[in-house]
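Structures given as structure tokens follow.
In the two complexes that follow, subunit A is the common piece, with subunit B as its partner first and subunit C second.
== the complex of A and B ==
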């Protein structure tokens, strides 16, 4: 079989960290190769080398038999290589069309181009609002714009970095269908993912990476999932055991517990007058995990912000342990022991130019454990961070590194570690497992379970339905800024939840 | 970009600026090594030259801190010059209105008055920035001209000394004059005061929650909000501190050097402060060094001209290159170059303008 893409001996180091180690790969047009690996295994680095964001220290890339030097993403596009990143590269102040056509000569931006964009949209069943700017879009829609941007440029190699992690469950199937259509048309698709079932569904072959090396490139159809997982995890001990339903029952016997959080009739209007939250009511008992399921952009983020004080509700009340905090400042709510893992860890949860240890402390800096004699104790900060880095297996294990030097999964661990330690009464987590691999997801879930076990109420907001069902004691489904139903995760079907997620409130109530 | 690479980049920028200056000296027909040697020997190793360097470095250091603190909160204070003028005015008015206090009380009170003046001048753009979203660069910049003219009016009118041939005020009483640091020279204790402020601010940023929070706002405003920091108050606090520092630089010029309030008394020190701040990569503890460097350049330029024959305007070119190259060195993929370069280029222009105005006067 003629190989369209041939990658030989790619090495890439960042300082002392060897991100890629002698990576070899042969791939043909019209196939889909999944790249599987833990956080920090080198998947994104390899992709970045292919699209010219990074230059390899050594090694060669051949396209159709000729060596190419991909020195920039623009060059990559010339060679027909495109990538959709985990963190989007869109201009917030522009509309979808402007973003898709950005950088093209004006002759290619006419009505014809616009028509083609809409055609692509309907080909792939993408719901994109062409009238609003990207900043106003929910995350899922932003990603669809990113994908359209690459499709519009006629790429022959498309790299998708965790593409489904932000999609609503109902959007995943049509999306995968679209990817298959691309493959059938002769496109070579790299599909970076943690989700074995998706890989199973979409990929022809799977390339498994660990610590910057390729552990194997195997046909998906004949390789058992267990083998993939074993190659990915290596010989290290697997994570703690998943909580058994019985243990969950024992933990979630919170019927007699007091309410940690009560949200009553909360409404939130955006400046344009649209109702983001409508008469939303819910309660979380101490020690209980209440899951919020829902399609991305139905008010979940805003709900978390209203509870933590980042947004002020238009009307309605919020009580923490029976005390009204409806108009308390963010700082007051922090002092009240509300931990918050926000959705956008880069823009909000972390300060990338600060060190890991400063990031572990910045939201808790006035607390006694970080102070000594009225001043910030840099030593305490370092010691606490060192412990957390060890406990959470944050890599590289150096609390004095800048947070920007860490991979996405490790950055997420910093945020989680900080907020778990802070949450005395309530922990609000939004998309805590976004972009995490199987092992890291399990680790995060166990940390959250431990917090609940210690008597803290947890509000777990995520679009990854299986994770919500797995961890929650009760699941509230959100749609159109309302809770459309509260279900018991043990005795409910996906179909029911799907209905609650998508049905208009009038039909459900 | 971590601190180390940043400092290395700044060092490279400095060396490049000096090298280009060296080429210009060479084109002018002189030996650049000789010229630089004279310049640095004269400004740092000669008693009188170093005294002159310290005199210039004192207001530059405070003006530099007056840029650093607001910038660490994400606010660009171009208004140091105006805050120096209003600070000098408040200090002088206090000193002239209550001339009979003992120096031990009088001098601190003059500093407090000057700090209040500078803070007041900075409070206006700070309020507009925090509560009205007005661009602080434009407001602080334009308020400089207002301040300069207010002082010109004051010393040409109500404060004009009897029989003065030039717009200046009466002398402040001897008890209020800053002690001299180097005997027989003009060098007062102003730089030592600046060093003390430097240390205080460095520790404040690093070891107090309020300082840490201020820094947080400048690094990532959304993360700061998420950490419960009140952004508006922080912006105002940072500007008030900056204004106070610049105001005290004004007091130092009045009661340390000239003993009167002069028309156009600041030689563009507020703008020099921007160079000091960026050269120090916004780290207060480095600011004394960068202030000395910049002051040495400008103090040694004249001597270099006399001794070697190189036109001192070469040093202006070097200063200009320092500004541009350091700004370039500070550009990271995450900062928009335009936001740093533009005001710096403007700063250079304004400095020239002030100097010209002064010469004409």
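== the complex of A and C ==
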């Protein structure tokens, strides 16, 4: 077989954490290889080694038979290796065009280049606003700029790290079509994903990683999903594979419960005067999980921020257990028992340079359980954190590691553990399963169910529709800053929800 | 007519006193746009001043003095770059350390070079250049068009720096480094090379401030002659919104305040002159309070870039 890319014996450690363990790989041009694995399996680390962001401790990379040393991302670009990161790498203060052109030789930056960017944009059916800066873009559009940036660099090897996790359902199909076009043109595509159905649809072979090792590279067409799942999970029980439909969890009967949260006629204008939330009304009963579905960027994030006090609504009222909290401070809302798992765990959920135990303690540090004689008790902090680390299976199980040393899924568990403990009346979660693998998603969902079961109202905001449908007692669909419909997840069709998600405001109601 | 003479004097003073601040501020803008604080401007002014004095003293040529000053600035800039980029030292601490080092080192070397006699040695400098026709204009002619060559160099360099930073491709790359070095790195920008370039150029510009002090103003090196200009320049960067042109306008505004206070010292001898001396600093504080709130610095300035940081 003509193997274009040959990776042999790659090792990489971060301090005590062994992220990659003797990784070997052969790949040819014109194929799409999915990389499947749990959070922390080493998928992103391997990708970062390929694009020169991390230097491997040992091992060799050969391209077309010649050994190459990818010592920097610039070198990677020279060799035609590009990557689209799960967490964006864009310059917020610049436009899409500037972001795409950064770092290119001057000869590739003229008017011709601008025309080609727009051509690529229409080839791939991407909607990108070229007049605004990246900070002003919704998440999905930022992702499209990232993709354009890689495409513009004429890559022969493209690594996609969870590329569809931020795309709207309607954008996924055209995107996958674009990827197939690339593969057909002879590009070697690595597709890091947790979504088995997508892997099925797009990949020729699947490479399964676990604990930094390659567990197997298998042809997708002839490998049952159950086997992929088993390899990915290792020796864990794999009774619940993706193919067997999960038994619907018993839903709480909350018909007689009191309202935990009532949001009435809330409007929010951005400084430019655009209406982000329009007369939004909803209620969450104690013990109920209200799912908010919708395409990314329709005001869901802002809704969570208005409820938790990060943003102040322009008009309207918010009540928690019958008490108005419309103008209460964030601290007061926390004291009232609102827990909040924000969308961006790196920027808002964690302080990455603090240890796991410090991250668990902060915002509650003044409570008696963390104090001894008026001073912070390191030992109490450590003991409480150790219990949580064990209960939430946070890996590596060392509360004294910096939060930055953990993988995305384990970081999310830290945030969740802290916020669940705080949520006595209401838990607001935004995209809690973003970038998480099957096992971690299930774990997070079960924790949230347990919270609701204990009588706490849960507002579950996510763009991953199947997760929303799976967990919610009721699902409210948001579009253009308002609730366009509330449905029962048991008795609804994807088509109905799709219509609600895309309905223009005039056509609704 | 007396008022016009006064105005002309103040304008000439503005140009003369504002030029060193403007050079230093320009250097600061280049460094900060590339994501590096250059707190060492003050020390680099001294380095440039000593280099200019020594070069001119040794050869009798002001142009060679200028060259020596620039080389001293480049070296001091690269030293700060090594601390900030390679060693990832806190950039404020590194800059202060550089200021202390250069204050001591220039004082020591000046005694070695010029001997211990009071007042140092007088060196050859630049004389003013009268621009034909323009220098004959009333008021602005003698004040703005009869300046020394470094003032005209400042104007040229400022425009060039603005064009390079805001309009050229490499300038875009440098700004991307200052905003988000990881994004720039992934896009193929040689982040560290760009930062070394920026900090070296920054040091050279700061040194030009010192060169101006020695070769265009007093023709002698004096210990501590930078006298806080490097710190006023830091304020000018913020006031000028991290734009080369803006920073130079802000620096000239500080120069204007200084020129006014000199005039006031002469015209109001009854008032203690110390009160007038605080005027430029007061003006910079007020300007920062009034205008500074809206300013937005490059997003990653002061944060060392570590490629393998997770």
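Heads up, the rule we're going with is that the second predicted complex is superposed on the first by the 486 of 509 C-alpha atoms of A that agree within 3 Å, B and C clash if a C-alpha of one lies under 4 Å from a C-alpha of the other, contacts with A are read in each partner's own complex, and residues count from 1 in each chain.
Everything below uses one rule, namely that a contact is a pair of C-beta atoms (placed from the backbone, for glycine too) under 8 Å apart; a residue touches a chain by one contact, two chains touch by 3 or more.
These numbers were taken from a predicted model, which means no experiment stands behind them.
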| item | value |
| --- | --- |
| Three-chain arrangement built on subunit A, subunit B and subunit C clash or fit | clash |
| Touching partner for A:323 - first (subunit B), second (subunit C), both, neither | neither |
| Contacts of A:13 with subunit B and subunit C, given as first, second, both or neither | neither |
| First (subunit B), second (subunit C), both or neither touched by A:349 | first |
| First, second, both or neither for A:102, with subunit B first and subunit C second | second |
| Touching partner for A:185 - first (subunit B), second (subunit C), both, neither | neither |
| Contacts of A:51 with subunit B and subunit C, given as first, second, both or neither | second |
| Contacts of A:376 with subunit B and subunit C, given as first, second, both or neither | first |
| Subunit B versus subunit C as contact partner of A:85, first or second or both or neither | second |
| Colliding stretch - subunit B into subunit C, listed as 92-100, 236-244, 290-298 or 326-334 | 326-334 |
| Subunit C-facing residues of subunit A, complex | 14, 51, 53-55, 72-74, 77-78, 83, 85, 88-94, 98-99, 101-104, 106, 109, 149, 153, 404-405 |
| Residue numbers on subunit C that touch subunit A, as the complex places them | 169-170, 172-173, 175-176, 179-180, 182-190, 296, 298-299, 307-310 |
| In the complex, subunit A residues that touch subunit B | 309-310, 329-334, 340, 342, 347-354, 362-363, 365-366, 371, 375-376, 378, 402 |
| Partner subunit A, residues of subunit B touching it in the complex | 2, 206-209, 212-213, 216, 219-220, 222-223, 225-230, 334 |
